[in-house]
Amino acid sequence: MSEILQQDISFGTILKRVRELCPLIHNITNYVTVNDCANILLACGGSPIMADDIAEAEEITSICGGLNINIGTLNYNTVKSMKAAGKRANALGHPVLLDPVGAGASELRTQTARELIDEIDFAVIRGNVSEIKTLALGKGSTKGVDADIADKVTEETLDSAVSFAKRFAEETGAVIAVTGAIDIVADKDRAFCIRNGHPMMSSITGTGCQLSAMTAAFITAAPHHMLEAAAAATIAMGLCGEKAFERLSALDGNASYRNYIIDAVYRLTPEDLERGANYEMR
Amino acid sequence: MSEILQQDISFGTILKRVRELCPLIHNITNYVTVNDCANILLACGGSPIMADDIAEAEEITSICGGLNINIGTLNYNTVKSMKAAGKRANALGHPVLLDPVGAGASELRTQTARELIDEIDFAVIRGNVSEIKTLALGKGSTKGVDADIADKVTEETLDSAVSFAKRFAEETGAVIAVTGAIDIVADKDRAFCIRNGHPMMSSITGTGCQLSAMTAAFITAAPHHMLEAAAAATIAMGLCGEKAFERLSALDGNASYRNYIIDAVYRLTPEDLERGANYEMR
Amino acid sequence: MSEILQQDISFGTILKRVRELCPLIHNITNYVTVNDCANILLACGGSPIMADDIAEAEEITSICGGLNINIGTLNYNTVKSMKAAGKRANALGHPVLLDPVGAGASELRTQTARELIDEIDFAVIRGNVSEIKTLALGKGSTKGVDADIADKVTEETLDSAVSFAKRFAEETGAVIAVTGAIDIVADKDRAFCIRNGHPMMSSITGTGCQLSAMTAAFITAAPHHMLEAAAAATIAMGLCGEKAFERLSALDGNASYRNYIIDAVYRLTPEDLERGANYEMR
């Protein structure tokens, strides 16, 4: 509680704003998890629009409040749209989020993510530790879209991971969200170390993509509190992962768990969010 | 009941025909809600096939009974396929439905929807009031893919909306389905004003897309009763939204609600449909 | 049980290996059922990555253990990626699976499937009887993506279907999995005739695609037992269809059934799989 009082804005207030403002979020995202991204945006109080053709990318971004760029299943055409939409969103002052899905897994993804960071000012960059390391260090050990064991953020490696995230935040000017067993959401000065969530979340495809979409809504609704908004979304996702896990029956598996997490976001109240937040500042 | 008796064909009979004939529907549709469209087609008794490459669009349409064109996440290539498939379906006498997702939100969508209407004879055009107004009036106020508040069909604006729908039906030769809090399904002479449904349906992505897919199956199974078939599908969707809402537990949110609606379509009987229909003719 | 003892490896052991090795599977697949394919891969213990752009197809396949090629919603660009990834996987000795969705429904699909078989060595080819017949006989009667009634494998036609599958296995060098009411999984010498499953599985879009994805994980985890691994995956899918059906309430339909099947795969134990397997060798 004392942490919350030290902030300019509470997590609950941020969630309330999302629900009141219903930010329209333009998503250029992969076709694997796009439906879940749309439904979690609706669940948290936002409104989704998906559009990836170059002929409409800038125009769609213009009518939205924020932009979520996710490079999973990228291709030649959609990369052009990501860049055009990102630049337009920058020009309009809309917050832009990057989810560098699979950076490090292929040269195309690594290179695309780097070009995007060079050409666009991101408000938030959210990925697993392997993806973020790939972007920051110019090399990486991404194996598919999940972080390597060796790259896990644990209690032992937390301090160094926090320093790393702050440095990359300073370098990019973006809030850096490194999600995993412990989530780090950092700007150059402050880091939220978040212990919400459940290991079973990694058995669902796209919890990361969903968090990115939701984060885009939160930062769009609270643009003057990017760090707190990104942390609030990350805590909300983790907390809903916990709530959904409690709800599982002996027959439920990852498919029902997916639904229950989105359900929990739909039912999440500002009070739930503040009460359930489990984090420290470093 | 008296309304039903005045019709040539009952809603229950139309649903029975869908289940008996199992119409194969070619869908050129967006990648956001495509899985739900396929599952709701199966739930109602139809059979889905998705194909959007120009090299097969006409051939796939030829082996189907009806065609569902949905312009969400359209791109340069799929628009070509929409046109080719639509013309082929017209030549074969297959009913074609247009869902102008996001018409008004970008010039590409508005222009594409208009070109499709110019080049193809649609049996049904289904959208929210903002999308339909954009097409009919040559301007619009679409904000994303949901209808503007200002454009809502309410009891106060119902009569003018009905007149508008009938005029646009006359102009296009298509049955016009304007869906929202009150749904209007109209040809040039008659309009079903439907009060089935639940507000929570708007918290799920793609209930409109799903309704379009299902409508394509209904009109394909009852091609001599386009108006009644489109109304039957609209009523079925709304009724299933009501049934699914009743089923929600305190923990369920929009993800479970999505599943429950499709489940309810799967379980819907002709008797349910007739008993639950809540509409008037204007 | 005696059947199991005659094998070199039990189905339970194969499932255990999938869970231990967590094979990373590259999927070039359709956008209709891709999310379900990812989630069932995670449910069975594998790990999915989806990538279809030619600029990364070979590189992504290189970091994976196996490749799943599914031609539903194919297009000009993705076919190039299928071929490039398939050849690379062959060069690396990774098992490759082909799901010829809709072969016979369009010339593009039939031709593409044939070219893929010509250019790539498949470990497994899995489809319904109509699709497989199209590939084997050079003609077919595919109506959409489901097998024709006339082409159903029944007790009466089982022997001839088994002979056919064995011949096509010999011709292609692949394990042939023909799935339907009775599933046949055959190499040139032996055929598993599998009676697991439930008719309601055909009311869900993509149970075939999901089985193909899961089969890719099983054969990647047990590359020296392709036939047994493909049979184990087919039995697992059918068994989970049975378990999920038992779980259905009076209100549940095909949407919940879809989730319950994936849930059942998540909960499936090696013991369940061995106990529930219902098959004979022919």
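A few notes on this one:
First chain written, first letter: the chains are A, B and C, and each begins at residue 1.
The rule is short, and it goes like this: a residue touches a chain if its C-beta (ideal position, glycine included) is under 8 Å from a C-beta of that chain, and two chains touch if they have at least 3 such contacts.
This one's a predicted model, so the numbers in the text were calculated from it and none came from an experiment.
Think of each touching pair as a link: the shortest run of links from chain A to chain C has 1 of them. Of all residue numbers that take part in the contact between chain B and chain C, under half occur on both sides, making this a different-residue interface.
A rotation of 120 degrees, rounded to the nearest 5, superposes the Cα atoms of chain A on chain B. Centroids built from CA atoms put chain C at 34 Å from chain B. In chain B, the residues that reach two or more other chains under the touch definition are 31, 35, 258-259.
Across the complex, chain A is touched by residues 30-33, 35-36, 72-76, 102, 105-109, 143-146, 203-206, 250-256, 258-259 of chain B. Contact residues of chain C toward chain A in the complex are 24, 31, 34-35, 38-39, 42-43, 47-53, 55-56, 59-60, 63-64, 77, 247, 258-267.
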